[in-house]
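Multiple structures are listed underneath, in structure tokens.
There are two complexes below, and they share chain A, which is joined by chain B in the first and by chain C in the second.
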Partner chain A sequence: MEQQTLPNYWPSVMVGALIIGLILSVLGIISQYMLISSEPVGSSFTLPQAIQTFSCLAGAIGGFFAVRHYATENEITFPIGKGAVIGFFTGVVGVIISTVISLIWQFVIDPELDDAVYEWAIRNLEVQNLPQQQMDMAMNFIPEPGSMTTLLWGIGFGIVVLGVLNLLSGIIGAKVFAKEEDEF
Partner chain B sequence: MKSKILKSNQQLYYFLLVTTGLLFVFSMGPGLFGDSKTMISWQHKIFHLVCHQDVFRSYSINGASMAVCARCFGIYSALFFGLVFAPLLAHIRFVKRKRMVQLMVATIALNVADVIANAADIYTNTLHSRFILGALFGLTIMLFLADEFFRRINLMEKSYGTTNIA
Partner chain C sequence: MEEVTNQDGQIELDNHYISKPLPFVEKNGFPHWLMALVWVLVAFVGFNIVGAIVGGIGAVLTAPDLTDVQAIMTSLAENVNVLFWANTAGQVLVMALGTLLIVKLSAARGERKQFLRLQLSKNVWQVTGITTVLIVAVFPTVTFLGWLNSFVPAPDFMVEMQESMMEMITKFLKSDNALIMGIIHIGFVPAICEEIMYRGYIQRSLEKSGGIWMAILVSGFIFGAYHLQITNILPLAFLGIILAYVTYISDSLIPAMVAHLINNGGQVIASSFYPEMLEQTITPETEMPWVLILLSIIVSSALVYLLYRMKPNHEA
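Right after this comes the complex of A and B.
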């Protein structure tokens, strides 16, 4: 019996990953410039931070788009499990792409940016006039510029959280675009 | 004709149940584990990418702010409890799939409208209202997906026991 090979889903994963990688890195970099050009007022929640959070949440739809691409390009239906796999890989690759772009920006294009963000965060804490003990605790939360540990934790947590969120959006995408029976 | 639950979808269900359960527990922040440090826990670091974690917009446990805001906590709670009750939700088919997608989009729009209206000082939302709107979004996702995890596929009776369904 002739066995039919299933279409490769990696091109679709790459499409979804590029979308979220660009969203995460471009909006992330823009928000950092907005942050350092603003005056620290001691607020724990600022507009640039809101943009950064939004960009990360927008990064969760990569799985949905990757699955849509896979289903429509190949004109096939498949179980939601496959959508989950495509979504998860999209999240993982998206985080890696975003990290690479951010590292290129950080080390090649504008090496001063990370230091400027770090200094801004410290000035923002100083404005709050916190007791020394709380100040020290809060300082531990601010990532040090160029720290390898911070980078690795960031990638690790990013892969876990965005991997799971994209897995979910991949399942939703599979149910919307790749369902076998037509119930509409 | 016999029918069988798709095995791979059930495995995915158990995987998601554990994953969303962990996200739900971690989202409650350090206070759940008796730690009162507000902003430097590993739980906060996990969700740092996807939530603004503003202490004024988050619930607290044992004096420590949760690792996510009230809206996100609503989403994670609804995803987890939606999955816990998915075997029951799977039998609730009060709207068609197309309507369910529209409902999901509507809850996203509702959350966006709530954020904008609050930012524009049209009204002031509260921790509870943000939690409820977030939970509505999470719940519609689970209502949309629940039947998939317990989906049955038809088999020819003569092939029963011989077909490997993965």
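Right after this comes the complex of A and C.
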């Protein structure tokens, strides 16, 4: 089998990762402001949380764009596995970029936002009138603002979810943009 | 028509060479490490889905009132064997059978057993014998690593999750037929299913991408992390590395399966004779048997070196 040396894919990964980073952080910050300006009604799924879920899904397009960029910039074909790798790394780097933007926002631009979100989540639990035992259990699952554990869990969870979603979109991207020509 | 495989791995048919069919992974340019990573994640989700389904069926069969969520939860807490059957179903269906299916993507027909190291090798029984001693000798070192791990702060919900898991195991091991069922659910099932997945598929896939030492370390760490016990991650990862190492030395899953069975089954047997050990937890204040730990490190290192010498390539 003829071996083809493929060009460096990291510039394309960075393009896709920037797209993801911006989508996640912008939608994430907007949804947090929407959340704290709303009145807690005890619902476990609110519109801002729906936006956050949507941003997670929208963040899956990064792998697709990274593969498109890689294929068109270099005018090459490559197997879908290469698209999967590009997509996966795009998701991982995208989560790191989004985390950095969120940290800058949290510590430099609006240091009170995280505390406000935490207080909102507590008030949202209180209006549910849960028994104390369930209340205590539910409180454990509310991420504490500024804690290292919360940050690391967020990064870990984000890398797993967005890594896999972008891996899939990278495969689709490779199918669409880097299809190998039929051999005769 | 006579078929002969030549030295280059090509199949010769009446003096015509044809290439062996490549597995899906290699044909489509997927790196093996990515397949390993994806399978770890998919298996994790699949394991929990199967567990939830079997647990749900168990709840339906045992709960007196299916309209009362609290009654269902109480019933499950009282019938912990349902949860162990759920765990066993997840292990068998996802970790073992799922891995046997997924390996079809990574290895060509005829090479799958060898890929998973589901085979006997020349030194398998000697390695199994020494591994049996090693897994006992290493126990104080594992305890020491558990003590070191106790200094690492863990989030409250993880600690609570682990405590409730321990409560469940304790309750199960104090129930009727605990010894036999415990050896099946905690001993045999993980020894076979987890070994097929971690030391079989994950280790081999990582080895193909980054070499054997990276594969041993990373698959060991994944094994430790997969149990979702932050307060135990260090000893579990260490055990994973030992099991990965003996698998590499023997080129077979047998020694790791036997060692896994001895480790898990041994704890079930010990706890049935000394139930008080189930209540013991390691904290930073726990007194460590330092002399025993030192002895364990020396003996284990010697055994690891002895195993290293048994690898056919190192004999000369």
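The rule is short, and it goes like this: the second predicted complex is superposed on the first by the 176 of 184 C-alpha atoms of A that agree within 3 Å, B and C clash if a C-alpha of one lies under 4 Å from a C-alpha of the other, contacts with A are read in each partner's own complex, and residues count from 1 in each chain.
Methods note: a contact is a pair of C-beta atoms (placed from the backbone, for glycine too) under 8 Å apart; a residue touches a chain by one contact, two chains touch by 3 or more.
It should be emphasised that the depicted structure is a prediction, and the values quoted were computed from it without experimental measurement.
**Student:** After the chain A overlay, clash or fit between chain B and chain C?
**Tutor:** clash
**Student:** Tell me the contact category for A:T149 with respect to chain B and chain C: first, second, both or neither.
**Tutor:** In the superposition, A:T149 contacts chain C only.
**Student:** In the superposed arrangement, does A:L165 touch chain B (first), chain C (second), both or neither?
**Tutor:** first
**Student:** Tell me the contact category for A:F88 with respect to chain B and chain C: first, second, both or neither.
**Tutor:** second
**Student:** Does chain B (first) or chain C (second) touch A:I76, or do both, or does neither?
**Tutor:** After superposition on chain A, A:I76 lies in contact with neither partner.
**Student:** Is A:L103 touching anything from chain B or chain C once the two structures are fitted on A? First, second, both or neither.
**Tutor:** neither
**Student:** With both structures placed on chain A, which of the two partners, chain B or chain C, ends up touching more residues of chain A?
**Tutor:** Touched residues of chain A are more numerous for B.
**Student:** Under the contact rule defined above, give the chain A residues that sit at the interface with chain B and also at the interface with chain C.
**Tutor:** 79-81, 84, 137, 140-141, 153, 160, 164, 167
**Student:** In their complex, what parts of chain B are in touch with chain A?
**Tutor:** 6, 8-9, 11-12, 16, 19-20, 23, 37, 39-40, 44-52, 54-57, 79, 96-98, 101, 104, 141, 144-145, 148
**Student:** Using the touch definition from the top, list the residues of chain A that touch chain B in their complex.
**Tutor:** Touch list, chain A to chain B: 44-45, 49-50, 53, 56-57, 60, 79-81, 84, 137-138, 140-141, 153-154, 157-158, 160-162, 164-165, 167-168, 171-172, 175-176, 179, 183-184.
**Student:** What residues of chain C sit close enough to touch chain A in their complex?
**Tutor:** 19, 22, 25, 27-31, 34, 38, 41, 153, 155-157, 160
**Student:** Going by the contact rule at the top, pick out the chain A residues touching chain C in the complex.
**Tutor:** Per the touch definition, chain A meets chain C at residues 1, 78-82, 84-85, 88, 137, 140-141, 149, 153, 160, 164, 167.
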